[in-house]
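Note that the chains are named A, B and C in the order they appear, and that numbering of residues resets to 1 at the start of each chain.
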């Protein structure tokens, strides 16, 4: 065998083997040594790998349907940021979506996935005979993992954060899916690890809040986590020209819900009012405000009758 | 034809007696088993990521085997001067070339079967099912793709030094594999003369990505329609024939001394 | 007598940028014939054109002009080599094969059936005394053993014409004797041997006729006895005179 090819292959194989070994050591002995070994091995290339692995998880969610750079670029015009997860219902647990809008207001379906999440659709590029032939060999329908198939995404999420512990999206995605799969203990451990690695991330506090809300119904604790998320958001976005309003909307929405659940209607109203200013669908938020004010009136009126 | 098979048999025997294949197979198996032994979030029956890694390694290993085996055939014959006693026999250069190609292609086919048997065992152990039709399609399409690669490497070996041929063929294959299918989009965007040039490249290159159905077998999609498989087979055979015809023309005119 | 090998006004040029005109004339208007049953010596100093002529006969190089035929078939046709055996000066064989596998491979090229091939392989391996190591890879053979494999492969098809390129160079005295014996046995069987060599003593011993090449042309050809008689000296002296090398002074 010629030397360059052998070297190339041995490098690939060596990297994979070392990654496997490092992950195994990580599992057996603890994380710090493992992280430093990966850092030494891959340097800043870790971030590229992390993003690739997270995109891979997204592809797994769509059973192999994988948007290319070209498709993403074509569809990205007018689109938005990588979103935090956490909205309820629908396909809120979509893995990663530069093209997916998960920013709808609380209380609604997060988004109509099949309309908004177009990146998993076969893209409409030039239609020549080679493209038509090639299309017959690729996964050609927009489908999602079903039932316990969700677990198939987990290795890529884990690998993404191993590669880049500051990849907040990967932690948020993992936290969401572990929660969805009923692995609350693993979800909490994963998000706590995320918090240690990213202490200033509002997204992680938000995910922790969601986890608390859904698994323990400890509204007080969830509310505190959302307030911390708000503080972190303000610290990170205060001086930005284009602050991350989507993340803010999500935090405010959930915070309002928690206040509502605890009967703290004034605080909830305050959150909704702020939310209305930043939400892409203020009408929907106004409807929620109207409902809340109606309920507040109902609560007050028996008192006044008395 | 017997002469072509005789040359092919020597190529296969050479591959069997060299260590390359065994080293690559052991590496593939070891890395797959190592990666498969890792547990994520206490889930110990995750299958697709192990299948993905195993298939990626199989693709890399067989690509290297195909390019190195095909790329070294003619230069090694010339370098070790074995070509001289061979051509002193009643065999034409075209037959030698055809035998070399056939030998490489069959040898790569044998390695593919061994690699995919391992993949089948891994898949069966993890998922407790073996979609045979899908796997047969995967092996067949992969083999066709490697046939094109072997023909390309043989042609390259007549034009370049072995090291340059190896590097350029591997880079070209990976380039076609990853961006070949998007050249039409780039051409459409570029427009004008450069657009036409990119279109020309798009239609000239063999679209190796067609033969890659890894996503389908990792994620358990239904088999590819057989009509498409037949079309792809024809497409591959046309490219192999064209590349070999070009190689034969060159080889017939190439001075040996 | 039938003509086995015919070379007619052969001309071979090589591109050579350093030469005037950009080409080097390796063989110029070369003509000779080898008849059936002859042992023909092809002699000449280095660079005379012997190897080029051999390359044309084996189809490695195409002639620029003239023609060359084996058994009346143009040497450019692979079938022209169906009835020849070729032993190169040095051994160049697939080192990962065993002697038996190598011979079977060449037997297949000649289109021998399995039974005939097996019989020939047994005979030849016994002849070259490699029967005991027939299943060992050639890479484990000594140089002499590899030369003997070469001889066996040259005879695998029971050739009517044997082309030998410096067949005894690199062989020990026993090996040389063996080659001589084989050449003589082939001659007795009515086979033709075309023999390129620098070993003039050996040529004188085994050859019927010789051609002496110099600067791409045949300078002299004929029966060894005729040449010796014509020049009144041994073949070595004839050779030196023909190529224009001053004869050493005789010590009476």
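Keep this in mind: a residue touches a chain if its C-beta (ideal position, glycine included) is under 8 Å from a C-beta of that chain, and two chains touch if they have at least 3 such contacts.
Here the structure is a predicted model, which is why all the values come from computation and not from measurement.
Comparing per-chain C-alpha centres with the mean over every protein C-alpha atom, the closest match is chain B.
Across the assembly, the mean Cα position most removed from that of chain A is the one of C. Chain B and chain C have Cα centroids lying 42 Å from one another.
The mean-CA centres of chain A and chain C are about 79 angstrom from one another, to the nearest whole unit. Each of residues 18 in chain B touches at least two other chains. Across the complex, chain C is touched by residues 2-3, 5-7, 9-10, 13-14, 17-18, 80-82, 84-92, 95, 255-257 of chain B. Here chain C touches chain B in the complex through residues 55, 58-61, 78-82, 84, 86, 88, 90, 92-97, 101, 105-106, 108-111, 150, 153, 163, going by the rule given at the top. The touching residues of chain A, when paired with chain B in their complex, are 1-6, 8-9, 12-13, 16-17, 20-21, 23-24, 27, 59-60, 63-66, 68, 70, 74, 125-126, 128, 130-131, 133-134, 136-139, 151-152, 154-156, 158, 178, 183, 186, 190.
Only residues 18, 20, 24, 27-28, 30-31, 34-35, 37-43, 45-49, 53, 57, 60-61, 64, 67-68, 71-72, 141, 162-163, 166-167, 170, 181-182, 184-188, 202-203, 207, 209-213, 215-216, 218-221, 224-225, 228, 231-232, 235 of chain B touch chain A when the two sit together in their complex.
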